[in-house]
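In the two assemblies presented below, chain A is common to both, partnered first by chain B and then by chain C.
And now, the complex of A and B:
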């Protein structure tokens, strides 16, 4: 072969690699530096210190936060796996009725900002919410049945937040599993439960474990629930500790950075496990070339119980929160659901949303920054994923660079990116760009997964044929690879677009009054006590995002790409 | 005819224009816009002020962004660090010393505040008080009978209120550290700490929301008692029928909303004009009409009982200097015994 420099892939690899290094390394470096230095009021470094880490070890508070984080993440993982998993199995592998409701929950949840869900749940389960209200009326007690500002409340709400995603991901596992073994078990006389226990579950176990780790990692970095549900009950986790030390005056960035480093380390270890698990999971894939549309289990009379569970999930995870938001949006001030409240219903909040032009700017900002970062990510990962998938020059390094940011919980990335751009003398801080950059860093791994797995599914011979026919690397890329990757690129784009509009943690420290995005604005309005307008705007936004989520869902189903590029 | 027009113009000028320096107005018009970082509640004060200002000076757009004192301070500091000051004018309470120490504030003693009491103005002109705040306790009148509401610190520490009290989690004078400071300066170090430990045992809920939103939670019945809330907020809500009232938990904490112009303000003239406007009788009247407590001696509040002179209550004023010396200590006490 001719020398390496003549290979256009080397140039591409170096170029993409440089971009990835520039994006991924500075935030990590900044966290490490902040965690071992002292700074003055202006953030200038004044000396080296280990006191931030010392404080983590000697202060009881830090250990409590760590323990709470682990408990919170573990609890919500178990809950979401149970609810989402049972639902996925019922929908994909049985003849349960009303399956469409389960999809409806998943799709609408995909488009709703987490913080909106959390606010609805806070009201539902709050002291004057309908649950406690009903209990008081039935028992004549004056207290509460359930205190939402507790670890149990946090786990419950976080579990509900993740269960739709678990449903989608496990759904594809159950759908794609070969039914032959289950059929064989049934024919040998095993009952539905036996088959489930001895065949289906063991087969799905590696995927289940990998998914559990995935949810655990995301929950440990979760911010919305710990901030809105946990803090009032004085339950702090690592993310809220990082947030609080960043928003005190003067900010204790060293403390925040040291905490962040601890979280990054925990997540890195978990990710190493996750990598091994998901590699193992592939070995359990029982897809063959045969038509493998599995025969659904006949649940007999149990069908209707299953249908009831699906309806229950629909009501609890979707309908109740939406109705709650509807109630909040129609009230002049927040009050419990009652006849007296009915009398004061008003459309004032909706009028405010449609007439105040701030809301339009806000929506445009959010759409712009989400679309921009999704486009940038797919452009970078299209090249990086192709080189990595083909074991091209530096492929492994590119893959690792692009997925490096998985170690950052959102709030830590927010701190790190803020620190980077406060020091770089470019006009980025305080603009939408800094949020866009943080999104690109944060969601790069998702883009990479979409492209990488799509590349693995393309047989090399197409590219070889192009090469034999005289096409150069660039021509092959443009005329063969790019068209074939398009479904994955579009799916990845839509997925990133949707989650970028959902999450609060990354942008909460980066948004400024002139560069607001949806999730932060909703959080701010909650903080400032404008619950009614927030609910009205949130509902309108949810409708818009649901349309996009539906497109995503239909597209991935048709294009044979699954959520997260599985 | 022409004489009448001229006379009318002169009269309008005499009534409306005389207070504001025409050169300043001109400069502000040329800039066309200003950005205000504020802690004032949007629908109660910030929006009315901004709208009145824009109506008074057509062609100057005033955009505002409401955040907590802490957040406003951090945003200004960070923008200064990044060399990208976006705000022109701001208001915070006693936490202003952080901004003064960072040298990001410009001296600008507004002419319209010339007749203000000396304690409402910085001697070097770095800040001027636009309005007064008195922080105390509020309670839900459906849940607690007025006779049962806690009237003293001692009443408040009663175990019967365990789990029923909420306050903001903001670590500022307007949040728990302010209350801690009030108790310590009133009772002395030892008795104060003993009291605080008893109060902490009631586990007040620290809500990550503004004092205004804390009061909304009290109104909705989530909590029976709200601590560290503004007495005029309670009056505003009670006036529209919300089940809430405030108590003279003496001494109340006295604070000023301090307004200043940023040194690197991109629109310095518009910023100064806005400060002039807010301190003028016109601006002060907008605040008074919305039941805020003006600092101008020539604009009386609508509800005199909200002020110590009219309401007959004792106040412990916490100045920026005091906050500079004590706030870190009070915050540390909060972290130690309330979390």
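And now, the complex of A and C:
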């Protein structure tokens, strides 16, 4: 007993565990409590009830939202897997030309806030956008060819939003695949198509399914597209329903909580499946031979078609949205793309961004919150991940605590954190702190994933050698473990920093006029019709984030830390 | 059977002499030959194999099996790898984990383009191939539930099931543990002779090469250092590299005393003044500096001093180790240290003065 207490790892485990419990448990508890209680005007609990859940079952609207959510998530998963998957295979395993364009798309998308992408697409495909404009001019009709505020529009935009990530993740699957497997098939007499169909695809299938489920889970919790594209067309999904019932006056928090609990349950079940699938995927990893670079498939004349697809992806997923934002940023008010519009081009919006106080403050706020929460997460997970990876005291519990928030779709976490801090008598609600805390909870699993897999790759004997040499636990941690984990810590930090600045859902309910972050500000401005300034600001921001994304990309590639938060 | 002419495939910077690959490699194998490419990593042996397989495209050269040209850089002929009719075993075995043993072995028959195999025929051929490699009864096992040795046999069965013209083996034993490796060495050789298949084998293990091959090409930095049958490689190394790489020979420097024709015997004055009788496999020129290879096991060590006998060197034991079947001593002879292998029942204390004798034929001038 004395020995256990003297073990510094126990002290670390208890300390880190306490922090994790304080962060992770209250939001979940609060959601459960809110979903089964009634409250008075002051938020005090007045009784126990199941009416929130009853309403979900009785109201047709809830079922429609659920159905929409599933349809939306499934559709965008299929679309992003198809586009990203084909692209990844072409780039990693064939001799297609212009591969660099595919990486360019992936890196720049990594730095662009989702909400900015969505706005560009809304304009492109919208009523006055160039697509419908062109159609009207060509046919003389007065209607629209494509109504973007539809399920099809939502799936299309969400699919494009995810395809760069699918490209990166599947790319590393294809890159790390054992090329011997394919070469053995070719030596056995199989053609390229035979090999693809009978060997490559079946071997990649577990990874593909796991990735599909991952994208599906993220799309179920997606908020940007349902809010900006779906809501104006009166198409509601679970996340926008939660959002609506929270922002209406008076807010129906019981309803929001019940809805959230349903989503959390769905996601938890899917996550369990996901865990099993990705373990399955690992079983297919076999002994690899010597490090011969896999020889790319020769597509023959087909390589130019492949190059065409890569260019098409570049144009559609990256160039068009960027050009659209560029156009929007140069106009004093939103109008369709035309020659007549050229006359009114102006740099007024850019001047406004640099002179008005709000924007610079906003940028600094966003950077501060993201950097602060990334730092906090990596500090906590460096310890938790090390103990979990080494099966230290309470390792499993720490791992489960740190990854608990995976079950929260961003919007639900927003509701939960808001509820928690409304009741805690600390002046945090309405400040940047609450956003930071929500980020820390939300992105903790990503930090954990980075550290944990890095610890597993670290040979245990490196630490044992330090102990034998006479170093205590803390010295080993400081002198051996920490330096060797640094690449993973830096990669994790950068990833969290980037994604925190990308996502809208968590912060949207927590930001106040005095504590804005970038994604929320862009969202608000779009809703208020200030398209020009937001486009100018968004583009400048994208350039800044692309630089950081490039650093992240080069760093992870060089260090071999091939994790993108999956 | 297999003809390779002027095969060249260079990786990386062409001007860099250290770049990997293979240069101007030519050889010709009679049917049924077990041919081994032997050398340290980066010597070009695997590149050569992959060029024959069609997994790499040679920069120059001709590859022909029988009267069929697989590759000819001059005419631009290159048969796609899946039409070459070659069987290959990979270092990692590359057993597809999503198929059963049966399906793994049946694969080459199922994807064959030149003819269609019927259900019964496939079954017969697969069972036959599995029987040949000693895995009868394993057909329905999932491929993931096989030991390393079994995976290796499945890979072999898959490589021979469609009766290829040529079998390529890429370090197939390197992932097995020592005892299994020795067993498979004999087994592979037996199988190869039973089927009579022309085989190209890649390895960095000299014992494997010597034990299994009809013909060995020792490779260094993309070029052939020596190509000959195992005994010749061992007893008549053509140069210092081969002498050192195969069996870690002692190399002594000296001067050739008189002209000698190829295969003649002659005398060499070593740089410490001692005279020894040697064999000159490639002939010798009087006054020319030469290197003599002396294998540790061809040196007889004794405390009995008989300095008048020819080919005797006197020295002092400075280190010794007992290896079970034999013992190894380091003996200082003047300024150089010679490695000596002795029967393990003879014991020589460190510091004892000994004499080393060897036959004239075991001192080989290597260049």
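Keep in mind that, in the parts below, the second predicted complex is superposed on the first by the 558 of 566 C-alpha atoms of A that agree within 3 Å, B and C clash if a C-alpha of one lies under 4 Å from a C-alpha of the other, contacts with A are read in each partner's own complex, and residues count from 1 in each chain.
Here, a contact is a pair of C-beta atoms (placed from the backbone, for glycine too) under 8 Å apart; a residue touches a chain by one contact, two chains touch by 3 or more.
These numbers come from a predicted model, not from an experiment.
Legend: residue contacts after superposition of the two complexes on their common chain; A:354 is shown touching neither chain B nor chain C. A simple residue count on chain A separates chain B from chain C, and the partner touching more is B. Of the two partner chains placed by superposition, A:146 touches none, neither chain B nor chain C.
Once the two complexes are overlaid on the shared chain, A:135 sits clear of chain B and of chain C alike. Within the superposed three-chain model, A:199 lies in touch with chain C and out of touch with chain B [touch as defined at top].
By the document's definition of touching, neither partner reaches A:433: not chain B, not chain C. Once chain A of one complex is fitted onto chain A of the other, the partner contacts of A:189 are limited to chain C, with no touch recorded for chain B. In the superposition on chain A, none of the residues of chain A is touched both by chain B in one structure and by chain C in the other.
Residues of chain C that touch chain A in their complex: 46, 50, 53-56, 81-88, 90-98, 107-108, 111-113, 144, 155, 158-159, 162, 168, 170-171, 175.
Taken together, the chain B residues at the contact with chain A in this complex read 35, 37, 41-43, 63, 65-71, 73-75, 77-84, 86-87, 95, 98, 101-102, 166, 169, 171-172, 203, 205-210, 212-213, 215-217, 219-223, 237, 242, 331, 335, 338-339. Those residues of chain A lying in contact with chain C across their complex are 178, 180-181, 183-191, 194, 198-199, 202-203, 205, 283-284, 286-290, 292, 295. By the touch criterion given at the top, residues 41-43, 61, 126-128, 149, 227-228, 231-234, 236, 244, 247-251, 333-336, 418, 421-422, 425, 427-430, 512-514, 524, 526-531 of chain A touch chain B in their complex.
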